[in-house]
Amino acid sequence: MAHILELRNLTKHYGAVQALRGVDVDVHEGEVLAICGDNGAGKSTLIKVVSGAHAMTSGELRLHDQPRRWSSPHDALSNGVATIYQDLALAPRLSVWQNVFIGAELRHNLLPGLSVLDKTAMRSRTRHYLQRLNQDMDDVDRPVSDFSGGQRQAIAIARALRWQARIVVMDEPTAALGVRETARVLALIHQLKREGVTVMLISHNMEDVVQVADRIVILKAGRVAAQGVARGVAASDLAQAIITGKWPSMIGATVPA
Amino acid sequence: MAHILELRNLTKHYGAVQALRGVDVDVHEGEVLAICGDNGAGKSTLIKVVSGAHAMTSGELRLHDQPRRWSSPHDALSNGVATIYQDLALAPRLSVWQNVFIGAELRHNLLPGLSVLDKTAMRSRTRHYLQRLNQDMDDVDRPVSDFSGGQRQAIAIARALRWQARIVVMDEPTAALGVRETARVLALIHQLKREGVTVMLISHNMEDVVQVADRIVILKAGRVAAQGVARGVAASDLAQAIITGKWPSMIGATVPA
Amino acid sequence: TKLAIIGFQMSSETHARVVNAAKAKAESMGWDVQVLNSKGDMSTHINQLETVLLTQPDGIIIAMGKPLQSGDQYRKASEAGIPLVTVMSGTSPDALVDIAVNEYSAGAQAALYLLDHLNYRGNILTQRFEGNAGTRIRGKILDVVLSENPAVKVIGSHTMARTASWRDDVQAGMNALLLKNQGKVDGIWASFDAQAYIIDDILRQQGASKGKPVLVSIDGGAETYRRIADPASLLMATVMIPFEKMGEKAVDVIDSIAVGKASRDTVAHGPYIYMDAELVDASNVEQYVKKD
Amino acid sequence: MHGWLGRYGTCMAGIILFVFFALCAPNFLSVLNLSNIVKQISFMALLGLGFSMALLVSELDLSFANICSLCAVCVGWLVHTGHDPALAVFVGVLVGTGAGLLNGFLVTGLRIPSLIATLATASVANGLSFMVTDGVAFVGQWDSRFLWLGRGAVFGVPTLIIWLLAANLVAWFMLKQTRLGFRMLAVGEASEAARLAGVNVRTIKVIGLALSGLAAGIAAVLMTSSLASAAPNSAADLMLTAIAAVLLGMTMFEPGRANVPGTLVGAIIIGMLGNGLVLMGVEYYFQDILLGVIIVASVALSSSVLKKAAFSL
Amino acid sequence: MHGWLGRYGTCMAGIILFVFFALCAPNFLSVLNLSNIVKQISFMALLGLGFSMALLVSELDLSFANICSLCAVCVGWLVHTGHDPALAVFVGVLVGTGAGLLNGFLVTGLRIPSLIATLATASVANGLSFMVTDGVAFVGQWDSRFLWLGRGAVFGVPTLIIWLLAANLVAWFMLKQTRLGFRMLAVGEASEAARLAGVNVRTIKVIGLALSGLAAGIAAVLMTSSLASAAPNSAADLMLTAIAAVLLGMTMFEPGRANVPGTLVGAIIIGMLGNGLVLMGVEYYFQDILLGVIIVASVALSSSVLKKAAFSL
């Protein structure tokens, strides 16, 4: 399988804190790669480097075999990497549709050379995305601050969808979601995969991980502690693996290149 | 069993939105009461009314059989109701210990009549609380914004603990926590219960709920759809019950008064 | 030889005129000049004086200062033997001399000119400014003159409330007053010329012509004389305050004492050196227009 | 916050004030007076419009008044020394925009907080204005084409009113209908969220501050033309009133956010107060007192609705 | 943000400036001049201290300068009409605190945004000052005990310096060591989080604004005594410089937050600039220009460290 994304010896310091201490991860085209680990293991930091939100301190990031250095999230987005952040990164006082379309506004031509915002289109696309997530928020003009924690998470997911990216990075996308809504997101991940999209998923919910992941990387204190193919791994084994930092031995620590 | 808290016909409107449409809930002294429901069902709104963060639109709240009207969170806190909010409500630029002790500062007398902050005590108590949650954050002087999502959640839990309240209300306290840390919080809930503290718990994780709850209330669109004793209920049954809004029939819809 | 010139509020044009003239004159006489601007702020003014004293200049000129409030600093200057001359500031025991014009007589000249041209009856508007001693005195003298001439009625008055964007303020206030009293205004009195320019422009835009109403003010200057001479302008007269000459005179005084070693008494007898204020109107404006 | 009274309370207070003056202040309602009010507020409203562009991207521009003064003396100097008025206007607008861009560079490039950066620019602009003029205002004879800009009329409508409306329309259209305006809004509301969504936050902030400078330049040209004079601090006192207009505007239409119609109405209310009180013959210091009281009263009216909404602060 | 240069960069720039003036400005190092500088900045620093108390609880107080002027004319009027200086001082401080409390009521009670509320209070205070004085300053002979407050010395140390240090020490102790200070910090950083933690946010905000008024009152007393005069706009020009001192201070010690030592050092830097440039004989308009340039340079120094930290805006 081809590598769509390769991370080589990635480190990231926040001042004195070393969040990543030399991480190597290969992401295969079209797979769902789960990244697991304790709180503070460095998962969010890793995906922030991938998404261009933070600059890495050292290391290399290769996309389609090309070395890249994102200087902003914009670079990552325009290279087909879209991200759902753990803290959602929404503008609370802006409406749902505005949040979904910041940075990727739909426009139509009012006069030749003068294109204006196509609000109707943005509203209806927003409703469409939310329906895919089984969230009925009819009034996409209400500000995000009016919505419940789970509803906000759905908005953040909808936002990532509108990019139609080649790689979608999700940092705990279901943490605030209910049972049904979680099932929908898992189904969505399956569907993205079917469409050929590569997904990087961070989750603390082992059931969810074993259900959708192709491969799993376990981070511990800023390093890759173990990784392997997800098939056949039980949720409880995975939980154990995160604690010990060792791949469940009965499965065999396959580390496919 | 005595009712420590009774909610009668509670309603709450946000402008045109009706988040609670007449909710009756009894909370028994010393129990762990789980509140479940879809995203947007009104769970957070319910606990915000209980914690004094929002005023109810109408209805009655009785604590120890006394009717109460909180005019601010301060009222609730000083009546022994402490809350962990879904959005954590931390001050990102303040340090960990400062966040834990806002509003309940420890002081010692410098001169008679002049008491000053006891920072040493606050730092060490903070470390103590975090250790109980299995979080090793030695540097409690770092700002909260330096910590990962799960670490922040632990800080918010530590903050609620320092109140030593009679009723602890937790809105999805484990959403961002890892496997081990989640286990710790569940153990903590058990321990609180042993100490006679009443716990109201909101969670989307059915495994967790059936593991710690004594009783379960299911909200749906701002109303109590069903409730019952938790013993013997399976996680999957509960998930089903939230979707249908009906208590799992094989268990028998016991509604203890 | 070093000369410090402090303008109390350089954004006020008259202060700047005194200072600029003094600076030019002193530099032509070979002085090394430092100009300071107190921006109209008393504590800044005192700070600057204190600081300037530490640089031990050979002379200090203060334009439109406040001797009552900076008496201590004046005393320090006189104790240090630094000649200090004020312009239009009032007296101080520690200043060599104050170069002044008689604001009372200037005010009276302008007021009487206005009333003369109204034949001592009719309605007038006044544009005042209370924030400056000179303009306040002019206003008070006008009040005295009016109290003896009850046939002239003040039907509207606007007091300038701002000091920086005052042009805007005057324009707004006068526009309102003129409108309110449309057709009833026979004369307009302005406390200083630059106010009169604004009023003149408003009247011209409304199509008024010279003499209807009569517009007078006080200060003088090239632009004023141009307007007095201009048949299209409504400005009829001013009382010329010789700001430039006062600045130059201050330099002369300092120079004669610091360089010429003249004694204080040869410079002036009393605390003031008065300069002539002269009424300028159509009859004599020609000589001023040429002169400037 | 989003109730009717929250949105239109201040506006309503303005209408009450209008009716009051119409009844009590002689000549208040005359066409001439009304057009005078609009003319008088035009500089304040233009500067406020610029300030609100910067405020929308969450930057506070405290330099606009001094930049306006600097532009005014540049324009004055050029026209006065016999240069083509068109050149003078161009230079005036250019200096304003340039100063705004400088602010933008200081804020995004050197990462100096905007309050400090613009205070510094203000100080520099002030010094330069005095350097250009030596403290003396440019007055006297002006090119009549230049004066037309601020004093002329088109079909009886004063040019000042036309410029003011045009500027407001363009700004409003830009904010509501174009991508740039949308991104300014997003950056102002949550710059980190906008950055993560791929918006170039720095560029947007620079644009916001540059627009403030542009507005200062335009206001300077019109002010110089309308007053037929240019002094080194001619706009200084407009700083607080323009800011007041914007803040007052923030209680209307889109509460809590700087907005175009709000700023305009805010400026009208403040201008109407000054005008009406003069017409009523109120002592000058009472004008300040009443201005304060009326601002409080109108805003309290619009925010009283907030009190009902629970007890959040 | 938390590196050494981020915390002490501006401070270091101040020291560089000090050394520069010591070398180039004659008499700069003389004891008399240094004590002059401290005396000169004392009003700015006191007003800045008050402003930073309000800013700490996230409220912008734009009224402190006008409140200070109002207090000054009240004090001036009382002393001048022969009342006991003690009474005058008491009334002056009381008026300031009262005005601050009024701001607090407008902000927390009527829920008017502080920028608007304090602009309104400022306008009213300005009107009242002119009403009390008719635009004329109180000057002349003053009770000598009253003058001692601002002009005296204790063991050779000017009283102004003593008051200034005392006020800073008290404020610093209050903020760092007491519960009130801690809660002010919490309210300023995250008022909703503080409210949910049981802090009475409104009371704390009222206290912050009242402290700003109190500082204005104290500054007014000292200013009147030191200048031996009280004019209706005596503190007007201190508004921008005091705010500049606070903002400059926010780049030091606790970057991004108003703090006591920062405000003091900020005021000293600004005061030193004015003084040193005069000593060096720089033209008055160059002073403004250089002031702006030097502020930018020093803050850029302290924030240059930020540029290294990733590319967050």
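Order of writing sets the chain letters: A, B, C, D and E. Residues in each chain are counted from 1.
Convention: contacts are C-beta pairs under 8 Å (C-beta built on N, C-alpha and C of every residue); 3 or more make two chains touch, one makes a residue touch a chain.
By chain, UniProt protein names: A, B = Sugar ABC transporter ATP-binding protein; D, E = ABC transporter permease.
All figures in this text were calculated on a predicted structure; none of them were measured in a lab.
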Least hop count linking chain C to chain D (ABC transporter permease) through chains in contact: 1
Reference chain A; chain at largest CA-centroid distance: C
Furthest chain, CA centroid comparison against chain B: C
Where chain B and chain D (ABC transporter permease) are represented by their mean Cα positions, the distance between them in whole Å: 49
Centroid spacing, where centroids are CA-atom means, of chain B and chain C in whole angstrom: 74
Geometric centre distance via CA averages, chain E (ABC transporter permease)-chain C, whole Å: 34
Contacts with 2+ other chains: residues of chain A: 72
Residues of chain E (ABC transporter permease) whose C-beta touches two or more other chains: 130, 192, 195, 284-285, 312
For chain C, residues that touch 2 or more chains besides their own: 7, 10, 37, 161
Chain E (ABC transporter permease) residues touching chain B - in the complex, by the definition given at the top: 177-179, 182-183, 185-186, 189-190, 192-200, 256-257
Residues of chain D (ABC transporter permease) touching chain E (ABC transporter permease) in the complex: 62, 106, 108, 110-113, 115-117, 119-128, 130-131, 191-192, 195, 201-202, 205, 240, 243-244, 247-248, 250-251, 283-293, 295-296, 299-300, 303-304, 306-307, 312-313
Residue numbers on chain E (ABC transporter permease) that touch chain C, as the complex places them: 26-27, 30, 32-33, 36, 40, 43, 130, 134-137, 139-140, 223, 226-229, 231, 233-234, 236-238, 274-275, 278-279, 281-285
Contact footprint of chain D (ABC transporter permease) on chain A as seen in their complex: 51, 53, 72-74, 77-78, 83, 85, 89-94, 98-99, 102-105, 107, 110, 115-117, 159
Residues on chain A engaged by chain B in the complex (per definition of touch): 14, 17, 37-41, 43-44, 86-87, 135, 146-151, 154, 172, 175-182, 204-206, 239, 242-243
